[in-house]
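Per-chain residue numbering starts at 1, and chain names A, B, C, D, E and F are given in the order in which the chains are listed.
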Amino acid sequence: MRIKVINPNSTASMTAVIAAAARAAASHGTEIVAATAPCGPVSIEGHYDEAVSVIGLLEEIRSGERDGCDGYVVACFGDPGLLAAREAARGPVLGIAEAAMHAASFLATGFSVVTTLGRTRVIAEHLVRSYGMEHHCRRVRATDLAVLELDDPASDARAKILDACRRALDEDGSGAIVLGCAGMADLAADLQGELGVPVIDGVGIAVRFVEALCGLGLGTSKRGDLAFPIRKPFAGALADLAWRD
Amino acid sequence: MRIKVINPNSTASMTAVIAAAARAAASHGTEIVAATAPCGPVSIEGHYDEAVSVIGLLEEIRSGERDGCDGYVVACFGDPGLLAAREAARGPVLGIAEAAMHAASFLATGFSVVTTLGRTRVIAEHLVRSYGMEHHCRRVRATDLAVLELDDPASDARAKILDACRRALDEDGSGAIVLGCAGMADLAADLQGELGVPVIDGVGIAVRFVEALCGLGLGTSKRGDLAFPIRKPFAGALADLAWRD
Amino acid sequence: MRIKVINPNSTASMTAVIAAAARAAASHGTEIVAATAPCGPVSIEGHYDEAVSVIGLLEEIRSGERDGCDGYVVACFGDPGLLAAREAARGPVLGIAEAAMHAASFLATGFSVVTTLGRTRVIAEHLVRSYGMEHHCRRVRATDLAVLELDDPASDARAKILDACRRALDEDGSGAIVLGCAGMADLAADLQGELGVPVIDGVGIAVRFVEALCGLGLGTSKRGDLAFPIRKPFAGALADLAWRD
Amino acid sequence: MRIKVINPNSTASMTAVIAAAARAAASHGTEIVAATAPCGPVSIEGHYDEAVSVIGLLEEIRSGERDGCDGYVVACFGDPGLLAAREAARGPVLGIAEAAMHAASFLATGFSVVTTLGRTRVIAEHLVRSYGMEHHCRRVRATDLAVLELDDPASDARAKILDACRRALDEDGSGAIVLGCAGMADLAADLQGELGVPVIDGVGIAVRFVEALCGLGLGTSKRGDLAFPIRKPFAGALADLAWRD
Amino acid sequence: MRIKVINPNSTASMTAVIAAAARAAASHGTEIVAATAPCGPVSIEGHYDEAVSVIGLLEEIRSGERDGCDGYVVACFGDPGLLAAREAARGPVLGIAEAAMHAASFLATGFSVVTTLGRTRVIAEHLVRSYGMEHHCRRVRATDLAVLELDDPASDARAKILDACRRALDEDGSGAIVLGCAGMADLAADLQGELGVPVIDGVGIAVRFVEALCGLGLGTSKRGDLAFPIRKPFAGALADLAWRD
Amino acid sequence: MRIKVINPNSTASMTAVIAAAARAAASHGTEIVAATAPCGPVSIEGHYDEAVSVIGLLEEIRSGERDGCDGYVVACFGDPGLLAAREAARGPVLGIAEAAMHAASFLATGFSVVTTLGRTRVIAEHLVRSYGMEHHCRRVRATDLAVLELDDPASDARAKILDACRRALDEDGSGAIVLGCAGMADLAADLQGELGVPVIDGVGIAVRFVEALCGLGLGTSKRGDLAFPIRKPFAGALADLAWRD
């Protein structure tokens, strides 16, 4: 089975963290193809960054289809372009926020999300509603960390995240933690050990859920709004994104 | 006051319909700048089309800012990229679905949306929830018309739309109709005359609402998630979209 | 265009504040007719006051219809009698809470309401739900000011309101402020200057939204529950309110 | 125990039906005081009628307080002025829609409301949401009967209501029926016999619920928004409604 | 009228408290039959305890049916097995959380629940949603008291509960208190006297509401999912619970 | 990895169908332990059956813990006793309705559930709300098949289910089907082939999701309401269910 894990931002070092987490999570026999968006923002910290990042994501989905990938993971916690990506893919496409929140709801009656900048909190809150997680997600907590600080060993990122996790358990009454950024993938096991509750990194669980679906022959529905895009011309610089069957 | 009305698809003839509706609706003293997306799909009929169309929209918002536009209308009923556009603009940015649904809720306790293809119905239903219109919008009705058929005088588009409107009044118990495509802008007055209930074209009312907000000195909040994007590099083909203050 | 702005309480000095705000907001060519409820409470600070105030409001709507008014603004933040007023009017009728909350949702993903007494907070919270604003309105904040204190230059009303606004931005994470009382109409511009975020007075924006709807030929739906009232006798002291076409 | 049952419309013959139902339902030792609104519409079939009817209701609540009534029933299915009435009363005040819907939720996982004119259906639907009954109320069904037809032995009211009830059981999958008009109070037992499911008249159950609350020393909370109204002058024709402790 | 009040835990001393509250609340002429679950946990403080307690509850419902009981009260605040119990009963079956929350919504626009251990708070929050009380219940407050401490005169249970009630009024803005454990039944009157707001014990009000329903000839709907269970064999140790008409 | 799949009803032939589906779905290296409830109803077709079935389920969870099982599947579409089972288990516990609905939401924006008797539809609808699937689940469709008919080759079960699936696609606009009974597990692949959309059997996907969670070291949160039950005596016939660490 070949699963493509796409980092929608254009920072290759973050892709490396994501790919490592994906490979550590994958079952024996699963090939992880990791990709960095060929264009777009170096980190995704707002609606604007997110909207632009979708182009690179869709290009990677399309090349993945040509390369015979069985399923996809969108490795940015805002799950940018998820439904668009599903239109373009035959196999399942999971977002890491989606996978992590659903998994958390299997393990605890209440969870908290610990994310980066305050301005991305609204994005996470919108996802909570889209996924029907209002009654499971007790709170989205921002740490005021920039995404690329997570990559920087000199930053106090880990300490800030641990502190936010502890407050989530104490103040929100949550029973599990969802890590709200793909760049936190390498922290999950360590934090889980320290906190004694499930700490869920979306990259790992999304890979596993895609395996689960593919393993049962389940792919994206091609009936209705997720059917392949309608063939039509695209103008200008994006002409190559026009759909051809 | 200068309001830029952006057609996020790349079909200039549809922009002409939209521009005419915008100018007919605008108050004396308002300058309407109509723009066609310089790149992307010729019509927007799904999540994929919509995601790609956002690039052209954002380019037009950014050039609008350079040109001193006071506010913006996103003239596609899926309101693509609305929050991203707001990050990039100082003035108000309204989607036509947003404006039309809110206006309908001022005029009737229940309304129906009449839209084009069945696969865009899901997009409209998602907007209904985003805008808190679940209790006002009784139903989204698809007519199985392609967007570009609306432009074709030989099609039976008008008859199909009228039929869907009548069923909305009778079967849904709605008191008003929201037209679910920018390409229907020229039909509103005529349908309203025939049906005897408010028929709302989003282009016209969005222009008027932007005028209302600008007129009172109200623009997009620049505190929190709609603040201007964070400055950072963008890679590859989309490098020009990187934010510079 | 003639828009009637009705103060449902019986205090003429508050009507003067409201009328000034309405006139300042109105477009060139709009005539503002300001009216004070001819009967009922001197201020509206609870469900009881509100229920009684509706009689004066309906009388003013009816005289407005006779006088050829094109639309109406109900200038009390509880939006008392809004649907009843709509039944009695041909043109659009907007409440100031309704107009302000919808406008705020166009400008920010989250807003707070700053209102007067704690006991009116429940009324505002009910409106938040009626208008589908649960996901946009982060909090309704009371200031423990009586409505008529707003009129009193010796009171510390402005300081208390400013403090509540600042806490809304900091603690609620809101991007815009909705002023929760018609008597605060004169404070909006000043507070907006100080806070640097949109501060929305419902009177001004309601006038503008009514202009927008009237300008496009849109009025209250006369099909369904907002059709003109059914003709029937009314007994006793309120016999004059019986509907006659 | 003295319970005042107030018909907010001004038709004494309907009060007689209501009073008979209330007395048939009341426990031994309960005195039912039946009152007809001294002013206002002869029947309540819309938002406008309802708004005006509240004045007579409040007058009756206030005279009830002077006369030592222990609790109140608002005997119109729209529950007009319920929160205003609660402000004015020391004991409990129940609406018949409220009592009937809550009772239905105790007896079945889904119920339907069978009401009169289509235009009152929206009012009932708003109450369903206010009372948190969205998941219990499967549908509000209108019969296109005018309220006063219920009083007319020559009308086919009973047959139309029975037909709507049968369709509610078959098409909505409901397990209980709520009668949506005080004027249907005399039909409940008969319909229940015929249909074999609980058929709930709000007048009877509201009387019983008020008895239940009063019997345990429970009255309206006088802390917060349901505290007695604030003392203040009322102007004009409604000056007598000003609150005096 | 014979109402069976079932304590689903197996602690007879708690049944005595419950029985006393039920008898104090019951009307003249109502016979209260109090029962202790013949099997299962000595107190119910979690999902597991609750699930097991349902067996004893159902046995008591079935013996109640054989003994001609007219209605039932499930006297544990988690309302365990409520729908299962309704299937097995002809008359009404009320849970004490259900009865108390509905009653509170009749008396105040917002209430708080004061319960025992933190881990039962989630159970109460799930009931709030099942009963549609999200907009009335402002908060569920745990006191960290074990259920059986309530029975112990040496504990500081009363002081802790009173403190939680006061905070509910001040911090939650609630107008009424719902006591969140059957073992608190004897505290209601005393707390109400001290706090000056309605304090609702579910046992008393549930008894009264069952009286109200039975008095009007209303029982559990036997159409649909609450019809008597389907006859079929049950295996093993629970064979006696198999349904026989 | 050892996953225990528990059929909460006491019919061994249905366990055989479930076990076969679980083994077909499991990854290489996963051991499936299939268990039939040692006590309780032969099929689960209502709230009462479901409540009783939980005892056998909990017994099997507890023996599973003693036997070193890593995770559990509750193989009845009502997900009976799910939270109670989670309290008793260290590893993850998934219900088949839960797993199937979440999976469906990954593959389509709307799905329908096709289940057995009409009276179980209410149970499925309650689960839809518990899991936050209101916006994804378009409809729960009953086929009026008894659970044990699914086992009977002479019944027309398959034809009825296929017909309900087709109507779900056409009338509900769904893009995927969730099979609403563990006894349908053997039909999924065949129906998917015929319908051309994802058809999801909860048994298979629940096994896979448990593998996914266990594979990442994720188990049930032992902090908060899903912590192991509190140690305390249980009376009577169920004394053996008392928790001992």
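By definition in this document, contacts are C-beta pairs under 8 Å (C-beta built on N, C-alpha and C of every residue); 3 or more make two chains touch, one makes a residue touch a chain.
Not measured: the values here are computed from a predicted model.
Engineer: By that same contact rule, can you tell me which chains touch subunit B and subunit C alike?
Structural biologist: A, D
Engineer: What is the touch distance from subunit A to subunit D, in steps?
Structural biologist: 2
Engineer: Among the chains here, which has the CA centroid at the largest distance from subunit B's centroid?
Structural biologist: Farthest by centroid: E.
Engineer: Over half of interface residue numbers shared between subunit A and subunit B means same, under half means different, so which is it?
Structural biologist: Since more than half of the residue numbers are used by both chains, the interface counts as same.
Engineer: Express in whole angstrom the distance between the two chain centres, defined as the mean CA positions of subunit B and subunit D.
Structural biologist: It comes to 44 Å between the two C-alpha centres.
Engineer: Could you give the separation in Å between the centres of subunit C and subunit D, each centre being the mean of its C-alpha atoms?
Structural biologist: Computed from C-alpha means, the inter-chain centre distance equals 29 Å.
Engineer: Spell out, as numbers or ranges, the residues of subunit E touching 2 or more other chains.
Structural biologist: Within subunit E, the residues that touch at least two other chains are 83, 109-110, 118, 121-122, 129-130, 135, 173, 224-226.
Engineer: How are the chains arranged in terms of who touches whom: line, ring, star, complete or other?
Structural biologist: Graph shape here is other: it fits none of the named patterns.
Engineer: Between which chains is there touch?
Structural biologist: According to the stated criterion, the contacting chain pairs are A-B, A-C, A-E, A-F, B-C, B-D, B-F, C-D, C-E, D-E, D-F, E-F.
Engineer: Where on subunit F does subunit A make contact in their complex?
Structural biologist: Answer in residue numbers: 25, 27-28, 83, 92, 94, 98, 102-103, 105-110, 130-136, 169, 173-176, 189, 192, 196-198, 200, 204-205, 208-209, 211-213, 215-226.
Engineer: Considering the complex alone, what residue numbers of subunit E touch subunit C?
Structural biologist: Contacts found on subunit E: 109-110, 135, 173.
Engineer: Inside the complex, what are the residues of subunit F that reach subunit D?
Structural biologist: 118, 121-122, 129
Engineer: Mind listing the subunit D positions that touch subunit C in their complex?
Structural biologist: Where subunit D meets subunit C, its residues are 10, 37-43, 45-52, 54-56, 58, 81, 83-84, 86-88, 118-123, 126, 129-130, 224-227, 229-230, 232-239, 241-243.
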